[in-house]
Amino acid sequence: MSELLQFLFSGLTVGAVYALVALGFTIIYNASDVVNFAQGEFVMLGGMITWFAHAAGLPLPLAALLAIIATAALGVAINKLAIEPARGAPIVTLIIITIGASVFVQGAAQLVFDKQIHTFPAFSGDTPLRVMDATIQPQSLWVIGGALVVFVGLWLFFTRTLLGRAVLATSNNRLAAQLVGINTNFVMTLSFALSAGIGALAGVLATPITLTAYNVGIGFALKGFAGAMLGGMGNPKGALAGGFLIGLIEAMTAGYLSSTYKEAAAFVVILLVLFFMPQGLFGRKSTERV
Amino acid sequence: MLTVEGLRSRYGRIEVLHGIDLHVDSGEIVTVVGANGAGKTTLLRCLSGVQPVSGGAITFRGEPLTPVPAYRRLARGLAQSPEGRQIFTNLTVEENLRLGAFLYNDERVDKDMEDAFQMFPILRDKRNLAAGGLSGGQQQMLAMARALMGRPSCLLLDEPSMGLAPIIVAQIFDVVRGLKALGVTVLLVEQNAFGALKIADRGYVMETGQITMQGPAEELIADPRIREAYLGI
Amino acid sequence: MTLLSVEGLGISFGGIKAVNDVSFKVDPGEIVSIIGPNGAGKTTLFNMISGVYLPGSGRVALNGEDVTGMAPFRLASRGMSRTFQNLQIFQNMTVLENAISGFHLQERGPVLADLLHLPSSRARARTAEAGARKLLARVGLKRAADREAGNLSYGSLKRLEIARALAMEPKVLLLDEPAAGCNAVETEEIDHLIAEVAASGTAILLVEHDMKMVMRISNHIVVLDHGEKIAEGAPAVVSRDPAVIAAYLGTDAEKGVADADG
Amino acid sequence: EIKIGASVSATGPAAFLGDPEAKTLEMLVEEQNAKGGINGEQIALVLYDDGGDANKARTFATRLIEDDEVQAIIGGTTTGTSMSILAVAEDAEIPFISLAGAIDIVQPVKPYTFKTPHTDRMACQKIFEDMQKRGIGKIGMISGTDGFGASMQAQCKDVVGEYGIEIAADETYDPKDADMTAQLTKLRNTEGVQAVLNPGFGQGPSIVTRNYRQLGIDLPLYQSHGVASDGFIELAGKEAAEGVRLPGTALLVADLLAEDDPQKPVVSTYKTAFEGKFKQPVGTFGGYAHDGFALLVDAVTRAGSTEPGAIRDALEQTQGLAGTTGIYTMTPEDHLGLDLSAFRMLEVRDGTWSIVE
Amino acid sequence: MPKLTAKSATLLVLAALIAITPFFFPSGYYYRVGALIFVNGLAVTGIVILTGYAGQISLGHAGFAGIGGYACALAPVHLGLHPSLAVLLGAVISGVLAWLVGRPILRLKGYYLAVATLGFGILVSMVLNNERDLTGGPDGIAVPELGLRGLLKDWGLDLTNGQFWYFFCGIVLLIGAWIALNLHQSPTGRALRALHGSEIAAGTVGIDVTRIKLQAFVISAVYASVAGSLVALQNKFITPDIAGFMHSIEMVTMAVLGGAGSVLGAIFGAGILTLLPQALTVLAEYEQLVLGLVMMLVMIFLREGLLPSILRKLRGRGE
């Protein structure tokens, strides 16, 4: 029983990290149909900049804020310099561009920072919380809470606000969006800023648990991508569910079956789900009539 | 109200508009007819700003329109119901209409939407369905209604009657006439040249990227060349 | 002999019956038109007949064989072809290649032969190309043959779709609003083309809102409203049916048709 | 001029290892040249980054030999890249000093291939010796699935029998994993486990250590030489790392070495120079590169020639060369030249490394 | 003069490049790089068929390269097969696996297909990494000699190791390119490109979309597999990196960067991306920075890929 609970905690902790990354994918995808493979780099930057600024003497909250703002600015720059000019390009081209951006950011990070592994103190100390016989780090609660807050925010944004609707409209039909007066460039800028900011936030929250280094981005991107697709790309509900699900599957597999093939288990589940639900768990089927 | 002078436009290296001159006066209905591939859609795309212009000038209400980005043109009063309908397929019918009034956030939005539903009752029945599930004609109605939600002072219509049942075609033409009564200017591109010329004040004939004929609508309807080439009579 | 028979076909979307219990028959060489208000279910009916949607009820028989819900590519090899209301063009290919792909069933062969460029593969491709060029000439797109298909105007794309559908020399051809986006003169050209094809023995199922055209070339008309068949018969009969006038043609429709005629 | 080639994994998954190696080599060559080179000849270092990819490493090895025409090669951060380079070097008869751990690199002995790190097997032996002393008979293992972790895991399992110790639970984690509590819970709940051993490098072992404390497991925790650096204590947290043992090199405890320890001068000099220059703590891996270079300088000096064959012969006759890792004595049968004494059992006490015994 | 078709032009250019460039090689190392370009070119030609023609994305093709490579390492040892037969065996296994995996996942579209193929690739590389007793684990495993070079020597053709692999891979690439080019203009190729445009329309003209997609997937898997085998045989050593996610990405990037729609373009892309790290060794620190920049710039400004865009520019000027 306590074993199960411990596995659950482990899964939730890791799953929350994945979910945060997956949520980051959602906005850019909703605005442009682009899966931004540089999303993982935003997470990396969130951690690295915070560490850097903190090490340079800034108090932690300020350092974190700086990291989020700087990363959001970088997101905007990537959009302006790399995504906007390639408007209308086929999906594979856009994938390569975002992977290029990811490689670039990683290359820059190793020059600006270093190749060492870093961390900074957990927000609420390291004394584990004990529930029955299982334990959980206070920082895990921060990450889980962060994922939930971001989820609720995004969900409200997309379902309750006209601007959120405009974001969806932009990806659905950019031409029509312009015709109804939506400044699609602004929508894209906003989306990249938000996505990058959420990515950085993920990095800030997770680093005390996962540690960070210039090359951790790609791992986050992969898991976040997998989570988002499992849940159904574009839907915040899907991102949340997908992220947590992958975390839980990994933890349960590691706990009860084999830790060696726990990631395999996650991908097998993804393949199975997609076999029966080609749009993921919550993905909306696009209605295109012929 | 709207003046086009020597307008040129190209797709890549191929020029498809070779210097178009036309004007639409305030409160007028002007129609453009022409064969497939003449460049009518391209012309409208230039006017709404989604197609780059390579020469000539467009003035709207006395101001040059060319430097205004597409998304600002609706705020200036220029709305378009585009070819191919271009609705937001993943959003609901109601969301499509609401986005048509993206620029506004007042009580009139609800009233306008009510008007739209009045005009096309079928849209009311489908208001909460994804617009992509609508039938072709229903989508065409939605495109038209969405353009009206933008409160245009000048409306660009690209084949609004395409795919509509005869009873609705008649209704669309009535709506256009009604818009005129409300003071809205309309530039109408139609394959149903007969219907279009009947409600229009003036008309232009376009052939391979050039205006080849123009005049009051009654004159054009009577012109034997037009009757033979476009009306099939 | 009946070529295509549709019996009690129906389907619902989210509980709403888009098509309900529709039946009719088409003989070789016959032109049957389906008309009805927007949203009556015409395209949906086409989608069920051509295997794009799985019918909720009823059956479709082609040449006596039950083909209900059969995948489109299988139906194609049994002689059914169609065009689309929302154009489905191979945008990334040239106009000619679009037309050639209509010959797929004739030109396909073992992959290995294609990979190794065997003479058999070349011969198949050559025949298809010759046929495609002829067809393009027939629909007036000869000069556009080498253009990228995505760059054509709307009306031209419609013709290209027709050419592609004709390439299969189908026994049954489903045309969904072939004249939309064409002016009166262009419509008439399409008219002739359809009549020609029908004359060669192909059964044609037509959806079209251009009443002039429908009345002129149909042998038989089926009228749908709210997914149900509300009338059917010869053009002259249907056009006078009060229910049809009320639901579809409108009271001044006859006048409209007459106007255009005049 | 003498040309030395190097291909290390300065980026990629093994960057954590390869980066200090690259830095060390560049620093040492500079220093040596400032001292007048070797036998009066300046050293030219041609350094490539193979990103940890064996295929790339082979290409760079070919390039070093055929295009740059180097006289000797140092490098091969990982076992995979080392195996690739050694094939090319053996063909071309160019001496190659590998910086990777696997025993297969020098066993069977290949004429031109040498290596500086002690093998994984030796690390396992050192650890098991220590466990034996503490009377531990049943352990759990949790290993990284990267090359380093997997290789050491296999070696440990292979050699553990000789110490009468039983591996009762064997878990793994992916080097990118963020939480190992699931695996550790399993280890904890395994009947009779008296200690836990964690082969791995990078952030994995730090996280394992933190999770270990989080779960309140109070069994001895052994780490591998893969994390032997001050950075580990910092990342794992001083509290969590307290009591962790690992087989490390003299490098880590430079200050604690006896004054007459033959390694003391070497270790102190390197540590001061590296940390002064790069503002980051020295680690075992940079030390391997240091020793590789030292072996080469020593051999070239003795050979009095820059001819690859002569360098090889001289390398094979290395006698009592004190490096950061240990004291090297090569023979035609032994191209590693270290024994278990090169390892010292270290333990984290009061937040810093100290020598056990 | 008969008009040169795109196909013969491509093959001629390739053959000429393979035959002539060695005259300018200052050292044996260039043969190695050349051979790598050809191997990568071969793998990427498979991507052209799958992505360029049929419009299907795969982020897991390195898995097949891994299968091809490990077949050469394992089959001779465990099954006693000659290495050349091991290549064949690898190709067959890859083909069969592609067929089995492709059936369920090729129904997926766009990013969903991407994540499914990604999953497949990761599963393969995981097995190669973790089944240490069989595969040698992350440290890799030795691969037996192909032996063809010795045979040639007996026949009086004495090539260095580098030269042998250069010409051998060059010839295999030529054959691969020839096949891919054949496909392009063939009925099957046209069907592939048609389904790229519209799957529904492809169905109505009688194209069995599921089957033909599967064929493309299998063919491209075989390309990747053979390329993997060639890498293994040439290096006489193989590690699981060959099946890794990064290698999959690299394959797609090469194809798209050079121009996924055309065989020559994709091979060109393989050349550029193989040469780039070699050229950038002087600024090793900046390698990633430059690589990322190149990827972005090319895709932004020459979005059809390097070669097609350049050709178009040249042609534009010619007119």
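Each chain gets a letter, A, B, C, D and E, in the order it is written, and its residues are counted from 1.
Keep this in mind: a contact is a pair of C-beta atoms (placed from the backbone, for glycine too) under 8 Å apart; a residue touches a chain by one contact, two chains touch by 3 or more.
Nothing here was measured: the structure is a model prediction, and the numbers come from that model.
Colleague: Tell me which chains count as touching both chain C and chain D.
Modeller: A, E
Colleague: Report the chain whose CA-based centre is farthest from the CA-based centre of chain C.
Modeller: Measuring from the centre of chain C, the most distant chain centre belongs to D.
Colleague: Return the chain whose centre of C-alpha atoms lies at maximal distance from the corresponding centre of chain E.
Modeller: B
Colleague: Just curious, how far off is chain E from chain B if you go by their C-alpha centres, in Å?
Modeller: Taking the average C-alpha coordinate of chain B and of chain E, the gap between them is 50 Å.
Colleague: Distance from the CA centroid of chain A to that of chain D, rounded to the nearest Å?
Modeller: Centre-to-centre distance between chain A and chain D: 35 Å.
Colleague: Express in whole angstrom the distance between the two chain centres, defined as the mean CA positions of chain A and chain E.
Modeller: Once rounded, the distance between the two centres reads 31 Å.
Colleague: Multi-chain contacts only, two chains or more: what residues does chain A have there?
Modeller: 110, 260, 263, 288-290
Colleague: Quick one: which residues in chain B touch 2 or more of the other chains?
Modeller: 133-136
Colleague: What are the residues of chain C that contact at least two other chains?
Modeller: Counting only residues that touch two or more other chains, chain C contributes 43, 52, 84-86, 88.
Colleague: Can you work out from the touch definition every pair of chains that touches here?
Modeller: Taking the chains two at a time, the touching pairs are A-B, A-C, A-D, A-E, B-C, C-E, D-E.
Colleague: Spell out the residues on chain D that touch chain E in their complex, using ranges where they run on.
Modeller: Going through chain D, the ones touching chain E are 10-11, 47-49, 52-56, 58-60, 62-63, 65-67, 78-80, 83-84, 87, 91, 102, 104, 145-147, 150-151, 154, 172.
Colleague: What part of chain A is in contact with chain B in the complex they form?
Modeller: That would be residues 162, 165-166, 168-169, 172-173, 175-184, 284, 286-289 of chain A.
Colleague: For the complex, give me every residue of chain B touching chain C.
Modeller: Within the complex, chain B contacts chain C at residues 11, 33, 35-38, 41, 83-84, 122, 129, 133-138, 140-141, 159, 162-170, 191-195, 228-233.
Colleague: Where on chain A does chain C make contact in their complex?
Modeller: Result: residues 288-290 of chain A touch chain C.
Colleague: Can you tell me which positions in chain C touch chain A when the two form their complex?
Modeller: 43, 47, 52, 84-86, 88
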